[in-house]
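Two complexes come next, and they have one chain in common, chain A, joined by chain B in the first and chain C in the second.
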Partner chain A sequence: MRRRLSWLAVLFVTVGALAVGASRDGGPLDPGDRIDAISRRIACPVCDGESVYESRNPASEAIRSAVREGVRAGGLTDDEVIAEVADAYGAQVLLLPRATGLDALAWALPVTAAVVALAGLASAFRRWREAAVQSGEATDDDRRLVERLRAERDGDGSGGSR
Partner chain B sequence: MPALSVNLALGNAGLLITLVAAAVGAASGAVALIGGNRRAIAQTHLFAWPALLGTVLSVAMMQIALAQRDYSIEFVQQVGSSTTPTLYNVAAMWSALEGSILLWVLVLVVFTAAVALRFRSRRDDPLVAWALVVMYVVTTFFALISFGPASPFAAGSTVPVGFDGPGPNPLLQNHILVLFHPPILYLGYVGFTVPFAFAIAALVTGRVGEGWLLETRRWALFSWGFLTIGILLGGWWSYEVLGWSGVWAWDPVENASLLPWLTGTAYIHSVLVQQRRGMLRVWNLSLLVATFSLTILGTFLTRSGIINSVHAFAAGEVDGYLLGFFALVVITSILLIGWRGDRLRAPGSIDSPLSREGAFLANNVVFALFAFIVLLGTVFPLIVEVVQNRQTVVGAPYFDRLSMPIGLVLLFLMAVAPVLPWRTASTELLSERLLWPAWIGAASLASAVVLGADGWAPLVAFGLGGFAAGAALRQVALSTRRHGWRGLVGRTNGGMVVHLGVILIAVALAASNTHTHSATIELERGREVAWGGHTFELVDVVREVDERTDVARADVLLDRSGVYGPAVTTYLQMGMTIGTPSVRTGFDKDVYLTIDGTNPPSVGDSTVVLRVFVKPMILWLWIGGALMALGTVMSAIPSRLHRRPTDPTSVSLSGGAR
Partner chain C sequence: MRAGAARLGASLAAVLAVGLLIVLVRADPDAGSTAQTTLLDQPAPAVTGTLEDGSTFELSRRRGSWVVLNFFTSTCVPCQREHPELVAFDQEQAGLGSLGAELHTIVQHDDREAVERFFAENGGDWPVVFDDEFRFQNAFGVAQVPETWIVDPTGTVRGRVIGEVTAEFLSTTIQRLREAL
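Our next item is the complex of A and B:
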């Protein structure tokens, strides 16, 4: 009982702290942070995959000042600023693949792989459980039963680790 | 000049000795093993020694050639310079492709000789002999590349009297880590050849039980540890040198080192399930094959120049060889696994997802998924280019976005898995064992909120980090309470200390990625500027010129307490200019100063434009790395309190120990 209360308290603290912390997330604090966040998503057009944020190349400086102007002008979202840069410099400056056409595969394949992996894991466990039932081995339910009876016999709280 | 060509001749001779020894060793060993000639099998190890000597000779000749600036050798023309300081001149060997491959061969023959030495009492054991044969095959391949298409001892074109080379790339001669990061990374990279060789040997001999796993456990651990340290040193180097204040850019070369680390990490976890339960045999073999072949594929991707990378210091004519070898490794391994399929079938089953082995399996699925995503993102530009003939870049934001949920799942697993017993667990047991870790997690989450952290993802990371740290500390505390200080070492506790290091790194990354602030500040001499809770004042602009470099440094007084000197360095031989940041490191945050742009300031300038980054918790990345190294060492020390894995489970703990 005391343990259950303690878990409830943990839950309460966690949910409370998350709610407070996540709700006050106001995004980037000042224009500088926003410029950084945007320039992290744009590739330097001439320097081997570095982002504009990382690169010191003059071409990156030019894009950075374009971003700065876009942010200073106000009214544009991050995506819109990036779209403007992509219009001017071509889609190869986008560091984040688009969600259309062939580029969408970059997003679809990981999700598919995750689903397949989870399904495979689930089916493996089901197969193992069925094999255990058929071979007459102890199943999870059997073990739970034994554990419960043991706990009742030994009295509460000493639920053994071994 | 006859004295100089000696370097070239002996260097080539050394590589030839290695090539011949490895090729003959592989061929004669395989013939003896297939024919069952026991005497010949027992001689397989002999070839490791000439192979080692040959490469040591070659490396010595390369170092002498670099030290003498022997411009009769093409490679020295490329990376040598009379102005390079001695330490960086030593490291010049691995500043371009040919020398890097030579370093690879050196590490490989050292590992091969170490295997021959370690298993000297079992020379006639076919398992050991087959493993040596595999190592010889790999050595033959790399020695062939090094002797042929990527020869570091190719004769150079005639140079005029007084010729001086450009020296290594400036980024490879301005920080001491260039001496450590590549060799340590290679120790990890190449080290996985040993468990791979034993895996192949186990398949060939049909001894696919747990014996070979136990033989190679420490080798895998050792390689994994060095790979970990090598990657982290790379991050440190990037932070100290590149001037954008980041430690990891998801650059293709970085990804190439991360890929084998991910599969290797999956392996050192799942191997425990096989040792304990005899299960996951095919999976473990596949992970080792994947780890080894990914090192080859990674080298191919980054050294062939088909993917752009800031690490592309070296591209050469070796891509066909590497791709061919990669295909050979993968196909041979798959055929062998298929051939031994019947012996590999696992005898047992995993009863419950809520068990230690269930958690290890989940861990493996997540790591495999992580590796898949990193590989996909790395080669995606290639796919697009082949299909649609257009250029794309897949960069850090893609990897950041996809690795964030994976990182959170891994933190959660790190919290739950260590308290799970083998076979099965009840919710009752979990609620008992996880209560204190959960409190630590809730407390760390609450204190992060009090300290001003925001955003749900970093907050969840802080909470799960505390939860996982609690679980790791619980294990260490229980073990030391039960067994005293002797309980501290051994596999389990070493693993928990590694976990603590990983948690520190995860939390530090979450904090620094989301709470870094930066600004471009124009500083005027004698006038203090305040930004982000700090004050900056330009004290002076200093210029230091020697025969190698022209350094323009801006001395900046930070918070009225210390002078920091970000600089722009021009490398005179190459005419290249790179910025060098200056960092004030602290336990809570770093203040990272760098000169904006690449134009060096001039002496007497009254204004300098600085780029300033304030980054929280960076120091904890390196502390976490040190903990990971410490934990790896701890888990390699045999804990005498643990039973030997081959002993029957019924032997009591103390009985099994003595």
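Our next item is the complex of A and C:
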């Protein structure tokens, strides 16, 4: 019972932390901050692992310009500005993969692997516990052995000493 | 019961592994650098640039002609290597009269004088459009030069070539597209 409560507490804290993290409004306030924040979410299309915000490559300069225009035009969310850039340059400029199509595998596979690993661990723990419990119980062979030893002891027990 | 669960787990893992393998085998490793584009068979973006004389070039006003846009920088070595092919292509298309395709160079991140000097030294008298505000680059998603796009007379994007092109490739591609239109 106590163990179940512990697991429930862990689950509650995890879900709560995820909910707070997902809903927290830590967004930038002015257009300059928005442009920087969006640029940090877009990969330079010709660099190796750099965001458009960091890169000095001409292609990144052009994309920063597109982001600037998208933000200053107003009416577009950050995701919509990024989607416009990704439509033109391809999904490889997304530092965070999309949650649809083939890109969704990037999100789904780690979760699937974690679930499978947890299920495997739970199954293994259960098997080990059952094996441990079973190994603690006397088998028929054990009982026969004990009976035989007792009989032997009782048979020459009168003159025996420890 | 336990054996059944184990078999089910193994079957699921096998299905997952096979599915992943199929996805990986079918995935195009060069998908990020090939001519795949969402603009294909879509209206070309209505973008503008600045011509050498300072006037505005509007892509949408080129409807009625086959238009070839070649994204270029004078310091880019593949662009320099490609240039004689473009000169040959332009001359060949000029020979077709009004049916011939229009070639336009879209200059990215380059100095005007350097571009003018390059054309003076290497030939080519087709319109040169300076994309100073990155409108062409961002609309077409051109990350690296050279890159060439083909737009048909209805203003629809028909082709994209990443990297160097040859005169023969451009001519045969446009001819094939003409016949299919």
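Criterion: the second predicted complex is superposed on the first by the 86 of 162 C-alpha atoms of A that agree within 3 Å, B and C clash if a C-alpha of one lies under 4 Å from a C-alpha of the other, contacts with A are read in each partner's own complex, and residues count from 1 in each chain.
Methods note: contacts are C-beta pairs under 8 Å (C-beta built on N, C-alpha and C of every residue); 3 or more make two chains touch, one makes a residue touch a chain.
Predicted, not measured: the structure shown is a model, and the values here were computed from it.
Applying the stated contact rule after C-alpha superposition, one finds that A:5 touches neither chain B nor chain C. Once the two structures are superposed, chain B and chain C can be ranked by residues of chain A touched, with B on top. With both structures placed on the common chain, the touch criterion links A:73 to neither chain B nor chain C.
In the superposed model, A:117 lies in contact with chain B only, and not with chain C.
Contact with both chain B and chain C is seen for A:92 once the two complexes are overlaid on the shared chain.
In the superposition on chain A, A:40 contacts chain B only, with no contact to chain C.
In the superposed pair of complexes, A:62 makes contact with chain C only, with no contact to chain B. Legend: residue contacts after superposition of the two complexes on their common chain; A:102 is shown touching both chain B and chain C. Shared contact residues on chain A (touching chain B in one structure, chain C in the other): 61, 92, 102, 105, 109, 120. Residues of chain B that touch chain A in their complex: 242-244, 246, 249, 251-252, 307-310, 312, 349-353, 358, 361-362, 365, 368-369, 372-373, 376-377, 380, 383-384, 387-388, 390-398, 401-402, 421, 423-424, 426, 428-429, 431-433, 435, 438-439, 441-443, 445-446, 448-449, 453-456, 459-460, 463, 516-520, 579, 597-598. Chain A contributes residues 45-46, 58-59, 61-63, 65-66, 85, 87-90, 92, 102, 105, 109, 112, 116, 119-120, 123, 127 to its touches with chain C in the complex. Contact residues on chain A toward chain B in their complex (touch as defined above): 3-4, 6-7, 10, 13-14, 16-18, 20-22, 24-26, 29-30, 32-33, 36, 40-41, 43, 47-51, 53-56, 61, 91-97, 102-103, 105-106, 109-110, 113-114, 117-118, 120-121, 124-125, 128-129, 131-132, 137-140, 143-144, 147, 151, 159, 161-162. Those residues of chain C whose C-beta lies close enough to touch chain A in the complex are 2, 5, 9, 13, 16, 20, 23, 27, 31-32, 36-39, 108-109, 133-134, 137-144.
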